[in-house]
Amino acid sequence: MKPLKLLGLITVIITGFFLLYGVNDMPRWGDTNTPASVHVSPYYIQHSQADTDAPNFVSAVLADYRGFDTLFETTVIFCAGIACMMLLRKEEDA
Amino acid sequence: MDFIVSKFNYWIYIIMMMIGFYAMIAKRNLVKKIIGMNIFQTAIILFYVSIGAKKGATIPILEAAHHAKIPPESIEVAKYINPLPHVLMLTAIVVGVSVTGVALALIILIYRRYHTVEEDEILRQLS
Amino acid sequence: MNTIVISYKPLYAVLVSLVGAFFILFTSEKRQNLREAWTFIAAFIKFGIVISMLPVILHGKIIKLTLVELAPGLSLMFKVDFFGIIFGLVASGLWIVTSLYSIGYMRGLKEHAQNRYFFAFALCLSATMGIAFSGNLLTFYLFYEMLTIATYPLVTHNEDEEAVKAGRKYLTYTLTAGVLLLFAIGATYIYAGTLEFTPGGFLKGHNISIGMLQILLVAYLIGCGVKAGVMPFHAWLPSAMVAPTPVSALLHAVAVVKAGVFGCVRIIAYVFGPVLLKDIHMWLIVAYFVSFTIIVSSLFALASDNLKRRLAFSTISQLSYIILGAALLSKSSLTGSILHIPNHAYMKITLFFCAGAIFVKTGKKNISEMDGIGRQMPFTMLAFTLASFGMVGIPPLCGFISKWYLCLGTLQAHEIFFLFVLLTSAVLNAAYFFPIVYAAFFRKPAEATGVAEASIPLVLPLSITVVMAVIFGIFPNFLFHFFDLARNAATSIITGM
Amino acid sequence: MIPSLDLILLIIVLVLSIAAISVKDLLSAAIILGGFSFMMALLWTEMGAVDVAITEASVGAGVSTVFFIAALHHTKRRSKD
Amino acid sequence: MMQQAPALTIAILLLTAFWVPIFGMVKRESAYYISLTAMFFSFLAACATLYAVVTTGPIHYRMGGWPPPWGIEFVIDYLNAGVLVLISLISLLTTVSAKKSVEREIHRSKWPLFWSLYLLLVMSLMGMTETGDMFNMYVYLEVSSLTAYGLIAMGEKGALMASFNYVILGSVGASFYLLGVGYLYIATGSLNMADLSKILPSIYRSKVIFTAFAFFIVGIGLKMGLFPLHMWLPDAYTHAPSAISTLIAPTMTKVSAYVFFRIILTVFNPHFSWEVIPAATLLRWIAAVGIIYGSIMAIAQKDIKRMLAYSSISQIGYIVLGIALANRMGLIGGALHIFSHAFAKGSLFMVVMAVIYKTGIRNIDDFKGLNRKMPFTMAAFCLAAFSMVGVPPTAGFFSKWYLVLGTVAGKYWWLTAVILASSLLNAVYFFRIIEKIYFSSFVDLVTGGSGGHEHHELPAVAVAEAPLMMLVPILLMAAGILAVGLFNTQIIHHLLQFIVPKGLA
């Protein structure tokens, strides 16, 4: 194995170890009482219909509560498109 | 034993992430690096999705008759999967594809200039 | 006592040459007269401003000006006291003379890049003025570094390999010193909470461990001592002699090295103070250290044939007198040491001017080539002779007075050893100056030439300075009241007021 | 939610990911990656994240694969590692 | 209008970026002028924001009107109002000066796309400064990375590989950041920074939080070029188009440094970052090694852009060191260094852009006698170099001064030595160039050092200054260096002192 690959492997193993270390204190998989399920999200589940008229919580959050994120999600696509166009375009003036 | 079983899924995600991560930093082929990047990102998305998972809960769409208003208090939170991670991941997927697109455009340009997509060969040409 | 007067004069004194510098910079390289006019106008205005502050200071008042806040609780502060104004007077007064001399020298040699030269020169003077009038260590540091940078183009003026090397050496020494100084100032600020110069020192009573104080003192003295050419850190000074002679004259006899010495005295007398310095058992060590410099650099001077180089080593030795006087911490020695700043400046600048005049006229640099030069250039060599008498300490020249007080100081401090150091050094001074004088007047020149003096702009300045050196020897209070100022400064340091 | 299905899908996904980075033919790697994404989408549907699954199936498995194939069309198929 | 200023800073740029390619299709030249106008108005909005913050206190701006833990909010407090104005000012000046350089280095047909991406890059950097939401930050991070990938790739030989490496490392960084956000979310259920800082103290013992912290540090560290995660930075700065090096060198790493501050001080509280986990100790070591490494590598470089890039790595070390000192002076020094380094590096890169535009010179050895050709540009270069070395009264001196005070106050003598040693190293590589620029005209002319005084007349060199559109921004940036230096007390008093946590000495 080349030294560079070995270095990569070591990095990967260290990173993985860190991630697993963190997993130790995580709530059990599928637990309904995790902080993630009791802190912010219940509001979305309970109020999205009243607030936004959308039965799909995901669309409600996507389009409304966190609509600002979605705006920039579009921007990301726009950026990627512009970047690809700029890179791949032939250098001639139409 | 409980430690492994209850969090088994997390273990697999992390192993998957590390597979992608390894490909990103150790593979010499540029396309392989991008494939690794995709795997890495998808594994993160999987991780997020499982944050939202609840045992015995259903998909995050309100079960109600059409246009029937349900008072907020009567909606049982534990019945629905946490929608927030899903929202975040929709963004993340799009971001991931965008980065892949730009990276592949770069690879095409690199191939045009250096006629190879192997990193070591390119570096040899550059030096 | 110590009434505080608020006045913008110190700021103007700094700004005049800064503004002048930019006028010079934006004058076209071709228009010599205009450029020199700017220099003169700035020099005279500056001198006028400084001298107008003199009566106020002599009345025992202190001029103070707080400007921009540089850091919380630390302002860009000017403070003109007895000690500061001496340095200010010396530097601004000699700038006029040197400007005149520069013009003669630069025109005589048709030097290149004169704009840059005069620009950097004016900048240096600004910085020197700032150092003289700075009221706290941070302001001092600001101008100290400005001086470092402004001198650099003057050292490398010739742009040949030797000059560039000398410039590098200069920067290496002074920037390293600056860094040490910065550390010391930062630490002082953290420990003492203030940086304002106070006669008799402000570091006392802040509950700082002795070891820390010793480290600080060493850092400070190295920081300032490098510019002052104290012995193991002197190497830049002789090599910086590649600079044009007016630069060596003003900067290496007056502005730069004196700024270093000025800094050392400020540190010893206005930051640490006599009492604290005795408490931390450092004063004798410092004194022994500079005594070593005094003797060894005299020996070096004896060994060098290049005239400017010999003068440079003489400078190193004389500067250490000043630090020695301050380190002895007695009233007389402080008076002598402070008084030696102007006195040495007038004498040494004369010597440099002479060296430059000889070089412009005959192209000779080495002492061995100067046989009989006194017949060719009688005025120049007469001035040289007088100034070198002063350096040795023969009355009635001004060097005598300051040395006399230094010797008194050693007795007051009950350290007879240093008296011997001073006397030995005087003998050595004689040993390296008198042969030059002897050769100039009593040896036959290689080829006979008639009287051929250097041009007026070269001879006039050196005549002025040597006359001043004589007058200050006879009337120490002539015009500028240097003697009173020095004694008052010494008193304020000893009494801590 | 069916634990065994969950596990099987996870293992398939893991195997596909290893396959994607280890095959030397880049076109196959791209297609395996597409399969990987598709399996992932299935897994997410099974976990209840329908919106994410649909997006992944169309964007991740579809668009990405198309990108890869398009890029490979302009470059080489073979990889040294 | 004043109320909407925080949103306007971004909205103006975003909307313009969408329209620039369309207008550009009609007339290529229009793209630049539209972008410039947008930058200018965005700068005004940033100034208005700063004014509002200074006069009335921090602003919380709710996007879409939803209250914080559920919706996304912009939080502009004292530090980021300052950074916001800094970013918009420097990118505005860069835009002005970049016109000619871009016209030369980028093909005409790509101008509209180029300017569109340029606007988006600036927009995302401003968004990163303003946002108060962890995930929203990720989105901006990705926008800034994506635009930077594209823009860097437009450079000359080597730019493609530089950009590709940046794609890989940038994605790793962003993914790590995203993982960090995920770990935080799983433990707290919140994405809002202010909300997180309230929840976190009760669960600081959790390993999840620790892991999240580590991943944030690595993720942001990659983005800001923190040693040893800097591998992408030298290549990217060297090979990018001059205009883009000029834009990203002073802004992108500084914004990331700001995010670093925000995460360590606001999201996690300093007590956790410094005491519960030994992050401060580790960061001190990393910063110290980075400072020295960057300086030494800079000395070894021949290419001016690469040298400046390594110098950036060293300077980033200063900022991180400021955080890691964990005392009042250190924090202020680190934060002030964001400002002083942004101005100094900005003007250095602008000067390099002007030199490359005018003469095509990149090798340091070719800078010989350049002062005769471009006196004003070189004067600005000197000033910026002095700031990097830390000569008073430039901005660089004061940030260094606070950092030294911080190390002394914390009794980290070896760090004092590192800072001081590195300013000497900086002096080595900057004075080497200054020497070439000003004092080397005779070394070649007169063979072997003639002893000096028989100077020949130098061949007359006509002054060929950079065009006014480049020169004016350069001089403004140089003035900025002095302004930050002389008015550092005001900056600290109005903006920076608030980052120091209560009760910290």
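Here the chain labels run A, B, C, D and E in written order, and each chain numbers its own residues starting at 1.
Basically, a contact is a pair of C-beta atoms (placed from the backbone, for glycine too) under 8 Å apart; a residue touches a chain by one contact, two chains touch by 3 or more.
What you see is a predicted model, and the numbers here were worked out from it, not measured in a lab.
Once subunit A is excluded from the assembly, the chains that remain, linked only through touching, form one piece. Hopping across touching chains, the smallest step count from subunit D to subunit E is 2. Look at the CA centroids: the one farthest from the centroid of subunit D belongs to C. The chain with its C-alpha centre at the largest distance from the centre of subunit E is C.
Subunit B and subunit C have Cα centroids separated by 71 Å.
Per-chain Cα centroids separate subunit A from subunit D by 18 Å.
Inter-chain centre distance (subunit B to subunit E, centres taken as mean C-alpha positions): 30 Å. Centre-to-centre separation between subunit A and subunit B, using Cα means, comes to 7 Å.
In subunit A, the residues that touch at least two other chains are 19, 23-24, 26, 30, 34, 36-38, 40-41, 44, 56, 58, 66, 69, 72-73, 76, 79-80, 83-84, 87. Residue positions of subunit E touching 2 or more other chains: 135, 139, 142, 146, 149-150, 153, 179, 185-186, 191.
Counting partner chains per residue, subunit B shows two or more touched chains at residues 9, 15, 17, 21-22, 25, 50-53, 55-57, 60-61, 84-86, 88, 90-91, 94-95, 97-99, 101-102, 105-109. Looking at the complex, you find that subunit B touches subunit E at residues 17, 21, 24-25, 30, 33, 37, 40-41, 44, 47-48, 51, 84-85, 88, 91-92, 95, 98-99, 102-103, 106-107, 109-110, 113, 122-123, 126.
Remark: subunit B residues 3, 6-11, 14-15, 17-18, 21-22, 25-26, 50-57, 60-62, 64, 69-70, 72-73, 75, 77-78, 80, 82-88, 90-91, 94-95, 97-99, 101-102, 105-106, 108-109 touch subunit A in the complex. The part of subunit E that touches subunit A in the complex is made up of residues 14, 17-18, 21, 28, 63-64, 66, 69-72, 107-110, 113-114, 116-117, 120, 127, 135-136, 139-140, 142-143, 146-147, 149-150, 153-154, 179, 183, 185-191, 195, 199, 206-208, 210-212, 214-215.
For subunit A in complex with subunit B, the touching residues are 4-5, 7-9, 11-13, 15-16, 19-20, 23-24, 26, 28-32, 34, 36-38, 40-42, 44-50, 55-58, 60-62, 66, 69-70, 72-73, 76-77, 79-80, 83-84, 87-88.
By the touch criterion given at the top, residues 9, 12, 15-16, 19-20, 22-23, 27-29, 31-32, 34-36, 38-39, 42-43, 45-46, 49-50, 52-53, 55-61, 81, 85-86, 89-90, 93-94, 96-97, 100-101, 104-105, 107-108, 111-112, 116-118 of subunit B touch subunit D in their complex.
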